[in-house]
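In the part that follows, the structures are each spelled out as structure tokens.
Next come two complexes built around chain A: one with chain B, the other with chain C.
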Partner chain A sequence: MRSPQQVATISSRISRVTAMLMLFLIATDVVAQTPEFEIEIREHLFYPSELRIPAGQKIKLIIRNLDATPEEFESYELNREKVIVGNSQGIVFIGPLKAGEYPFFGEFNPKTAQGKVIVE
Partner chain B sequence: MRATILVLQFVGLSGMSTMLFADNPVHHNGVSKVYEPYVLPLERELELRTYYQTDDDPNESDILRQRIGYGASINEKVFAELYLNAMKLPGGSLRLESYELEGRIQLTEQGEYPADWGLLIELERERSESISELATAILVSRQWGDWIGTLNVGVEYEFGSDVDNEFETFLSAQWRLRYRESLEPGVEFYADEYTRGVGPVLTGLIRGQGNRKWHWETGVILPLNATTPDVTYRLLVEFEF
Partner chain C sequence: MTSAVIIVLREVLEAMLLMCMLMASSSAMGFRLRWLVPALVAGLSGAVIYALLLEEISMSFDGFGQEIINSLLLVMTALLLAAHNFFAVKCLVTPSRIAAHSHWVPMILVGAVAMGIAREGAEIYLYAYSYGLMAGDVTAVLSGGAIGAGIGFSLGTFIYYGLGTLPSARCLQFCCAIALIIGAGMMTQAALYLAQADILPAGEPLWDTSTLISESSLFGELLHAAIGYEASPTLTQIGLNIGAVLLSMIAMWLGYRSGFNRKENP
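Our next item is the complex of A and B:
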């Protein structure tokens, strides 16, 4: 069994960790209004295959998979991967990003399902 | 940067409390893995982790730990994995030590909030002794440009007839550069009741056919206190399919 002093120390450490987590959260930014964009997956292709979004702003990308088979939206450049089961939709938050081109692909059909996000 | 300062403050403060718990239990090593708070549906994986430690105390040197796991996502937010944990002591052979069931829950969508949040729950049962551990941890990750900071903070309850029932806290953190998909260098820090360790790590991803991927991590963790082994080498390989 722990002594009262040890219990107090553990309690103090839990409080410290909790405070640290709260500070970590407070240190982050405030969520702003997020514009929405859509991409469809049909016959293992992305429509549109090029998506233009504003620089310096977070966006909400709704990906609708109209195929019966699953697809994975994947992009190392965007630091996102999202599996979308057949006949369903998934949401991916992107950005804020600097201007440029960020390729993405469908991991289950990488030869056909390709596209890019153009940030401008 | 602010999060890094907070972690460093924790290191300093918790270092003082270590003095109250100077007796390291035999063969204890808190170096593990830093978990990210993400789950993908339809994902299955086989995992092998190896830890090898050396120390100037011969009883704490040349110790090998291996951990084999199979995991699968239950849905788009929950991933479950079953592990077998084995250990080889100096001059001995590798022996199965414990079984472990682990659940990882993704709490927020990646990028939706300033930080991404998840929850880890673990239940471990020793094979030859009446010792069990129930642990839970908050998983937090945030991206700053090409850098990713990940923090795991948890509480563990150890119970059974062969151990004093007690709560313990643990923390692990990783600061990683997204250099390229196949190679991401970083630094990891581990802290628990007895362990304070920090060191460089390399991680990466190698793609196979279709959705098959090999994820690997390796690192060298060095001690920040007297109750952490002199060197802990760690290697992790995950085959995702």
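Our next item is the complex of A and C:
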């Protein structure tokens, strides 16, 4: 059996740890705000066609399709694929990635709609 | 036109492999292929509905409706494939195959094939509609699409009749192995969609074999369709892949036990 005093110390320790954990979670939430990047699709082309993002970090990529036709943002290297309906936008989370070049393309216009994410 | 060939072929390949393997398996189990009709009807109408609602689906779930629906379809198909393996093994160990028949089998086959066709077909419909019909480029898209679909269908026919020439027990063993691999590949793909939506953790890829077999090469595409090949998978993907393999093996073991018990006490 633990004495009431011991129980009190344990419970105060638990509440202290919980408080620290919550503070930590709030802090990381503020610090680790996922950086956002944007690309546009116009006339079946990506603008910019080269996107520079930081290494080792998850990013949020917003793809705006200004064409009336749908496009599929696709990349084997990034392991991503998402259909962006005409005149709309879509979000894709990317990474964390090692430094390097990761090509992507529009599946519906694979010859012209090409670009790459440069991780550095 | 070549883009149309490739786009359609890529989508048709996966659905055809799944459908033709299940057709061969159901024949080997002694079922008639009548289930194919509702599967095709549900799959094709599902594809059109999915494509028509894509805008609404994309906006739902904070903009991740596509990822949620796709991963749900993939996980459910993988579960149905595990259920298929249960019944296939049960049939395999029961001396009189008909005795092991269950009305669940055609339903499982309809579900798996319909979901496969709906998922892949939606993209074809979307492409053909907006780049063919709307752009007034019907001939190029249709002829390209027909060539792509033709290659896909011939490969499917080849698989169906190839598996069909085997003795039925051997055919069922092969189908179970293929179903296990396809199911695991689908779980890998589901993990990918969920990471894309930031629902599952992504993490850095564990390895990269894209210099050996690129996913964009024809062989890479075939491997992707057959075994869900990923050149640079993450830990989550591999974990779900192994989980699906284990699940399928447990289903097969349960099927073996349930079929075997039937043999002991008829």
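FYI, the second predicted complex is superposed on the first by the 88 of 120 C-alpha atoms of A that agree within 3 Å, B and C clash if a C-alpha of one lies under 4 Å from a C-alpha of the other, contacts with A are read in each partner's own complex, and residues count from 1 in each chain.
In this section, a residue touches a chain if its C-beta (ideal position, glycine included) is under 8 Å from a C-beta of that chain, and two chains touch if they have at least 3 such contacts.
All of these numbers come straight from a predicted model, not from anything done at the bench.
Looking at the shared chain after the overlay, A:P70 reaches both chain B and chain C. In the superposition on chain A, A:P54 makes contact with neither chain B nor chain C.
In the superposition on chain A, A:R16 makes contact with chain B only, not with chain C.
When the shared chain is aligned, chain C comes close enough to touch A:L97, but chain B does not.
Put simply, chain A uses residues 58, 70, 72, 76, 79-83, 85, 91-93, 95, 107-108 to touch chain B in one complex and chain C in the other.
Residues of chain C that touch chain A in their complex: 3, 6-7, 54-55, 58-59, 63-64, 66-67, 123, 126-127, 130-131, 134-135, 192, 195-198, 202-205, 210, 214-216, 220, 230-234. Of all residues in chain A, only 34, 56, 58, 60, 69-70, 72, 76-77, 79-86, 88, 90-93, 95-98, 107-111 touch chain C in the complex they form.
Of all the residues in chain A, the ones that touch chain B in their complex are 1-2, 5-6, 9-10, 12-14, 16-17, 20-21, 23-25, 27-31, 58, 70, 72, 76, 79-83, 85, 91-95, 107-108.
Across the complex, chain A is touched by residues 2-3, 6-7, 9-10, 13-14, 17, 20-21, 40-43, 76, 109-115, 138, 140, 142-143, 148, 151, 153, 155, 164, 166-169, 171, 178, 180-181, 210-211 of chain B.
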